[in-house]
Amino acid sequence: MPIIRVEMFKGRTQDQKRELVRELTEGFVRACGGNPESLHVVITDVEKEDWGTGGQLCVDKYPDK
Amino acid sequence: MPIIRVEMFKGRTQDQKRELVRELTEGFVRACGGNPESLHVVITDVEKEDWGTGGQLCVDKYPDK
Amino acid sequence: MPIIRVEMFKGRTQDQKRELVRELTEGFVRACGGNPESLHVVITDVEKEDWGTGGQLCVDKYPDK
Amino acid sequence: MPIIRVEMFKGRTQDQKRELVRELTEGFVRACGGNPESLHVVITDVEKEDWGTGGQLCVDKYPDK
Amino acid sequence: MPIIRVEMFKGRTQDQKRELVRELTEGFVRACGGNPESLHVVITDVEKEDWGTGGQLCVDKYPDK
Amino acid sequence: MPIIRVEMFKGRTQDQKRELVRELTEGFVRACGGNPESLHVVITDVEKEDWGTGGQLCVDKYPDK
């Protein structure tokens, strides 16, 4: 029944997301048990103009990342 | 004051969203009372490449849905 | 696969939550279709000291609600 | 370590988001202390067809806003 | 209509939360405009055993904070 | 910068949460790269009376789980 949500910078490929869902699901089951079939992962890509840290937008703070 | 959030696969029409907001608002008020004017519904459309279950991306698991 | 999240003031009974889950699930299926078995509802009770509106804590603004 | 999330109607400029991150970060530190470097702000732009209030989509209720 | 959510370590007083709601509301309006009456702030207190960073629980990493 | 959120039934021990944070952090970095120091994990324990699926509260549907 668990739900895992990931917010990360936009730019990962579908292959990385595929791998991410596999890794997070297997890691959850190793740590906490449960049935992987009932585990959901929802990914949100966030633009660097929509993420701030230290009071600055990441588009300004990390222009080349 | 309640806030209802919905995450669902992308692809519903604006008419379905209009109906959804009406249904969730009326259903909330029937079950819990309160003023519908102060109830918010926020909908997030999620791509099938951003949702995983059973360790797989839904774009792989449900390619035709 | 949809996930519905509800944030509301603390104080509803288990019966009201039971009814709420039924109402939101049936309402979603009427508006958008899909299988109710795969629909999740997660409820968060929020204390009035943890909710603000109009710049004030609800514990101050609505002391008797 | 705090995380602040903002959901608002789509349409603010990057300058407004830049200012928003600065305001929320400084406001948090004034009220609660802590190190601004470890404070994250994540902004979500919501379309008016994805936000409902009073049982209606905002695209219908506030067509000109 | 905006919704601001704050996740932070448990331990702030009601006075700090009161001040936080005021600061975030005023800061939002200065940066983005809008009516403060329609702005919601929802605060979530997170225990240090429920927050991890750098692969460690904060209860282990920052035992004295 | 990524943020991972986990919602799961209440009842896991602090050791399981410690292991979960390690697993999710390492799994994220293997799949997507990035610096584990800047990765946050926030865990929310959900009571079975606050989670519904198939239109029923989990406290009714899975009384013994």
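Every chain is named by a letter (A, B, C, D, E and F) in the order it is written, and numbering of its residues begins at 1.
The criterion applied here is as follows: contacts are C-beta pairs under 8 Å (C-beta built on N, C-alpha and C of every residue); 3 or more make two chains touch, one makes a residue touch a chain.
On a predicted model such as this, the values are computed, not experimentally measured, just so you know.
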Farthest-lying chain, centroid of Cα atoms versus that of chain F: D
Selected interface, B-E versus B-D, where C-beta contact pairs are more numerous: B-D
Rotation in the CA alignment of chain B with chain C, degrees, nearest 5: 180
Counterpart interface for E-F, drawn from B-C, C-E or B-E and sharing over half of its contact pairs: C-E
Rounded Å distance, chain A centre to chain F centre (Cα mean): 13
Centre distance in Å when chain A and chain C are each reduced to the mean of their C-alpha atoms: 25
Chain F, residues touching no fewer than two other chains: 1, 3, 7, 22, 24, 26, 40, 42, 51, 53
Chain contact topology (line, ring, star, complete or other): other
Pairs of chains found to touch, sorted by chain label: A-B, A-C, A-D, A-F, B-C, B-D, B-E, C-E, C-F, D-E, D-F, E-F
Residue ranges of chain A touching chain B (in the complex, touch as defined): 14, 17-18, 21-22, 24-26, 36-45
Chain E to chain F touching residues, read off their complex: 7, 46, 49-57, 59-60
Chain E residues within the chain D interface of the complex: 1-9, 12, 16, 19-20, 22-24, 26-28, 30-32, 34, 51, 53, 58
Contact set on chain C toward chain A in their complex: 1, 3, 40, 42
